[in-house]
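Two complexes come next, and they have one chain in common, subunit A, joined by subunit B in the first and subunit C in the second.
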Partner chain A sequence: MSRFDWLPGFIASLAEERVAILHSDPNRLAPAHCLLLDAEDWDEGTRVASASGFRWAGLWGDQIGDRLRIYTVFVHNGDYLVLMTEVPLQAPVLASQTPYFPAANRLERHLHDLLGVDFQDHPDTRRWTRHCAWAEDVYPLRSDFPVGGDSSKRRSSDVDYPFGRILGNGVNEIPLGPVHGDITEPGHFRFQAAGEEVLSLEARLGYTHKGIEKIAVGRDASGLARLAGRVSGDSTVAHTWAACMAMERAAGVDVPPRALHLRALFAECERIANHLGDIGGICNTVGFAFAQQQFGRLREQMLRTNLTAFGHRLLMDVIVPGGVCRDLPVQWESIITPQLSTLSRELEDLLDIIDDHSSLKDRLDDTGSLKAELAQMLGVTGYVGKASGQDFDVRRDHGYAPYDGLEMQSPCRTQGDVAARLQIRADEIRVSLNLIDKLIYSLPIGPIAADWPQSVHSSVGLAVVEGWRGEIMSFIRFDEDGRVARFFPRDPSWFSLPALEHLVLGNNLPDFAICHKSVNISYSGQDL
Partner chain B sequence: MSKIFSKIWQIGTLTEAPPVGDEIETLGKEVKRAIEQRLSRSLAIRQVDAGSCNACELEIHALVNPYYDISRFGIHFVASPRHADLLLVTGPVSRHMETALRRTWRAMANPRFVIASGNCACNGGEFGSNYATCGGVSRVIPVDLHLPGCPPTPNDLMRGILALMRKERPQ
Partner chain C sequence: MSAWVFTLIQALLYLALAPLLAGWIQKVKARLQNRRGASIWQPYRNLYKLFAKEARMAHTASPVFRAAPYIVFAAIWLAASAIPLLTTDLPTAAMADVIVIAGLLGLSRFFLALAGMDVGTAFGGMGASREVFISALAEPAMLMAVFTLAMTAHTTNLATAVGDLLVSAPFLRPSFLFALIAVVLVVIAETGRIPVDNPSTHLELTMIHEALILEYSGRQLALLEWAAQLKLLLFATLLVNVFLPWGTAQSIHPNAIGIAFVLFVVKIALLGVALAVSETLLAKMRIFRIPVFLNMALLMAFLGLMSHVILEVGA
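On to the complex of A and B.
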């Protein structure tokens, strides 16, 4: 299927609804296609996109002088379509997309909290990212807001967030967090439960908000790559790659083929290490410590290989703008190849043992089920989506280098429960091992980085990569001096968190731990 | 069950001969001795993520894997700050976590120790100090030991705990 063969049909449907396309641009954010709409037509344009069966994949705003440019991204058949519009900074009012795409809910609230866009007809007007660190009527991402904030005074904690409540006989409310009992990221979960059964779960994040979007402004390319690598530490490769790819597209830099292969190699190693940790973690939440120890062992071996072969256990800062920071060591084959063949063998042994355990199956099967229709509506990608029938993988369906030259399978299951999310991780490890084989086999010879151009002028870039959690998107705008003027990284956790809130319903309270671990959202990745 | 036992038998005890085993063993023994002297044979750690990117947590998690297995030295992680001797804090302390961190620290009984773990916890790291972050743990609660690294490796963490135990006991 050729790219964007559906676009003329979509444009025709827009015309039928009298939505004027002010500008249609295939190059500005290539390979995504850009359509500029009038703010008045935002609602209608979104409705047509919804009727066309698109997946909603992201939203951000960018202040340009006294105007706010709003971007939203849709995905269809592996193609990315960006709708843009502009609103005046003085009266930034825009129709909400949430009525058509529930996935837009929290990103619209995030955009409101940080840039002050007023979304009309949004079903939920509560704040999301903002707690009490800044006042309600100021917006940190606006250019007149100082990086250091408007007050150095200590702020009280967030106490009056109005959680939804269920009232009734025997219903109790259980608060959990932000400091949890385990070694984990901070976030608040509010349960309404009747006895053991979860009636509703509402998450409240924002605790790890670090002002990433604000402190990105003014950085140079390598500074931004470092920051992107710390959006979510477990996805450091994927986020850095996405940010670098966006910068390279904006600056028109061609990355050498060897560097692209090495990036993919890092990304697959990151995927394997995280999936190993998660499989062990899921088993551990139901008390199967054997699996935790065994998979912990495999993960540690992987991290040590990373250190020996690539210079960092978690692969931080190995990707730099223009390429990668170091080549493989001379004896790399003797490090990587035996490690991966051992891993491949051990993995099958252990999965066989897990499969044999009926008591484990009893806890994982049918726990935390996410139906395919719901997964589609919430726009989840990665293992959460793939376990619930969402057969989408950026590497296969959007085809960025070097994956576009490699044949790859992407696993998909339909059960949608914890067991399926565990199995998908195992499937993905197998795919990654296979990809690494191909990457090593076809590793090109040549330079590992392109020079970063001296001058980059006002330009924008958008990149999408498949992180281990799912689709990661990164937007960059350079100002006229070649400094970063806007950076927005969109982690897949924005969509898997609402999925968690749904899939836990009707389960026992103690099973929340399993459901939570099986979804494994990055709080940092979405708090920004 | 036979497969499990066979696997356990086949893998053996990794902690005896890991690639950098000597270092881990020596470090571990020193930490253990220090803990025996200072805290009656056990060190309870409460970890708080005060806005980290989660890389620090991954390495702290690694401390309990078979290679490091810190529990054999009397070190364990606890759920409540009331049970903890040591508060292990990561992240630049986001403003949104400031109060939660302070409350966690207040809930601890004396003697209590605080390690600021990772570059962000030491001085704000990549995030520095801005409208949303405090720029380091010591700006919020007293810190006994700063442990740099991005993120500190399990060995760094072990070394940090040892260094802390050797330091003077806080009042």
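On to the complex of A and C.
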């Protein structure tokens, strides 16, 4: 099956609906294909994309002078299609995509909050990222807003966010967070419950809004890579890789093969460590502390190996624009190999214990089920999607280097419950261990980084990688001086949070803890 | 006179030993998870720390909220000191009645649930509803199990019953085994241990007992935690002294008391190990499985009662 063999069909159906394609460009955001539409045709174009069964995968805006350029990404058969349009900054009105793609809801609200795009027919006009402390007419990502912030228009903070409520006899409303009892990110959850049964759940984020998109502006490439590594601390490798890949595509830099192998090695180490921590965490939420301790120990050993071999426990800042800055240590056979063989042996023992545990099984099976149709509609990727029949893995289906040269397996299950999400993590660890083996033994010889070009002019780049949570997307635009003019990282959590809100319905309140842990959302990845 | 002094000593002994049992269980659990774990003295340090801290109050707190920790602590301590710890020969033996003890524990639970709802937070109300839900199921099972013993000993007085059991070897009776299983299940539910509740959780939505004391701080929290530890020791003592009474002194002779103390510590320590093992092996159950769990306790207690009537009375 060749790339984009479905595109002519899609373009034909656009033409049928009289949607004018102003420009069709396979190179601008390569390997994604870019179509420029008129703003008037946005609604129609989205409808055709929805009818074609595409997955909605992202939305961002970019201010260029007095115009706003809006990008949205669709995925079909592992190919990425970007629809682009422009609206004037003075009247930035655009049709909402949410009626066709529920997944677009929060990213559209995010875009409205930061750049002031007015989405017509959006079902939810409440704020998302920009809390009430910001005045109504302040859009912090516009270029006239100072980077240092402007407190003159500051108002009192978010106290009366209108959560959806369910009224009725015996229905009670339970607020959870944003301050939690354990070490976790700040996020607010509002439950409507009848006794112990969850009737509805609504999340409220924005408490870790850091202005990442704003402070990215004006950075050089290496400064941006460091920033990208801090979008979500546990996905530092994946986000840095996505940002670097986007910059390299924009600047036309060829990364040496050895560097690509090492990047994949780091990404797999990150995936394993996080999955280990999560499996333990899921068991701990139902009081099975043994698993928490043992998987925590395995994760810790992994992190220590990272420290010894590559100089950072979480592998932060080891990926740099043009390559990597840490090579495989010469004594890797005494550092990494024994660690990995111990890990794979002990992992199987521990997974057997979990499998055989009926009291644990009772809690995991059928808890927090996410149906395949819903997962597809919400566009979830990663372990949440793979546990609900969404057989998609960027490494396998979009084939970026070095994975395109390796035989890539990707697990997929259909049960969609907590147990399936746990099993997918275990399967992914096995795949990653296997990959690491292949990566190390096929490691090409050569330099580990390419020189970053002196001059990069007004170019854009888009990259997609498979982070441990799922598909991570990164968009970069350089200005004429080679400085970053726009950076947008799209974490998979944008889609798994709505999935959590759905899959918890009908469960008991105490089971929220295990559902939440099994989905493990990054709040920081969304609170840009 | 010395009997009263010894009663006081025994009551103080409850206070002194309660954190140790909690620390011991924590330690054993840690070892079972291949961890070194905190020192077994850690609960004492925690109590010391909390007593030294300032107690903060919610603005909406009423006097009920302020008074509840003292009432809860006093009621549980009083109930504990009525249960024969080392000897049955004490002046307080007269009030060591199962019904009285159940009443005192009920009183403490009543005030704890009130306090949980008092400040008006969602978690307090949720915890109160769950706590009452569980105890409403646990109490009948507890009483029925105890009545099985009472029918053998012809009294609901624990001191008399223990004394009576020491004379007649109780373990040969099937009714006792059933009652023992029932009491163990009830104790796990009443003291908020895994698989019913997880005392070490930080996840508010999963809490039962912890949700009730979420709004407390400083010395009031210390009292409530101490009360929870006392309650655990109370039930542990009830278990070992009623079902394994060997060694319990029937006088306050120093030698008998000494032997009783050593045996008591050994029995409690073993019980602690058993509890830690079961908590390591089990995950917490779904909240609506708890009725099934407690119905099992009730069934066991009922079987105990029936087997007493059918097998033992005529024999």
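In this text, the second predicted complex is superposed on the first by the 522 of 528 C-alpha atoms of A that agree within 3 Å, B and C clash if a C-alpha of one lies under 4 Å from a C-alpha of the other, contacts with A are read in each partner's own complex, and residues count from 1 in each chain.
We take it that a residue touches a chain if its C-beta (ideal position, glycine included) is under 8 Å from a C-beta of that chain, and two chains touch if they have at least 3 such contacts.
Keep in mind that what you see is a predicted model, and the values were worked out from it rather than measured.
*Asks:* A:Arg204 in the overlay: touching subunit B, subunit C, both, or neither? Say first, second, both or neither.
*Replies:* In the superposition, A:Arg204 contacts neither subunit B nor subunit C.
*Asks:* Which holds for A:Phe290: it touches subunit B only (first), subunit C only (second), both, or neither?
*Replies:* So A:Phe290 meets both subunit B and subunit C here.
*Asks:* Touch test for A:Ala133: subunit B only (first), subunit C only (second), both, or neither?
*Replies:* The answer is first: A:Ala133 touches subunit B but not subunit C.
*Asks:* Between subunit B and subunit C, whom does A:Phe145 touch in the aligned arrangement: first, second, both, or neither?
*Replies:* It touches subunit B, and subunit C stays clear.
*Asks:* What is the contact status of A:Arg313 with respect to subunit B (first) and subunit C (second): first, second, both, or neither?
*Replies:* first
*Asks:* Examine A:Arg271 and indicate which partner it touches, taking first as subunit B and second as subunit C; both and neither are also allowed.
*Replies:* Neither partner.
*Asks:* Tell me which of subunit B and subunit C touches more residues of subunit A.
*Replies:* Between subunit B and subunit C, the winner on subunit A residue contacts is B.
*Asks:* Does the superposition put A:Arg490 against subunit B (first), subunit C (second), both, or neither?
*Replies:* In the superposition, A:Arg490 contacts neither subunit B nor subunit C.
*Asks:* For A:Arg249 in the superposed arrangement: first (subunit B), second (subunit C), both or neither?
*Replies:* The answer is neither, since A:Arg249 touches no partner chain.
*Asks:* Which holds for A:Arg55: it touches subunit B only (first), subunit C only (second), both, or neither?
*Replies:* In the superposition, A:Arg55 contacts neither subunit B nor subunit C.
*Asks:* If I apply the document's touch criterion, which positions on subunit A are contacted by subunit B in one structure and by subunit C in the other?
*Replies:* Residues common to the subunit A contacts of subunit C and of subunit B are 181-182, 290, 293-294, 297, listed in rising order.
*Asks:* Contact residues on subunit B for subunit A in the complex?
*Replies:* 3-4, 7-8, 11, 14, 19, 47-62, 64-67, 77, 79-80, 91-92, 94-100, 104, 125-133, 150-151, 153
*Asks:* Which positions of subunit C touch subunit A when the two form their complex?
*Replies:* 29, 32-35, 122-123, 125-126, 129, 194-195, 198, 200-206, 279-289
*Asks:* Note which residues of subunit A are touching subunit B in the complex, please.
*Replies:* Listed in rising order, the residues of subunit A that touch subunit B are 131-134, 140, 145-150, 154-158, 178-179, 181-186, 206-212, 214-215, 226-227, 230-234, 236, 277, 290, 293-294, 296-297, 299-300, 303-304, 313-314, 316, 349-350, 352-353, 356, 522-524, 527.
*Asks:* In their complex, what parts of subunit A are in touch with subunit C?
*Replies:* So the residues of subunit A in touch with subunit C come to 172-176, 180-182, 195-196, 283, 285-290, 293-294, 297, 357, 359-360, 362-363, 508-513.
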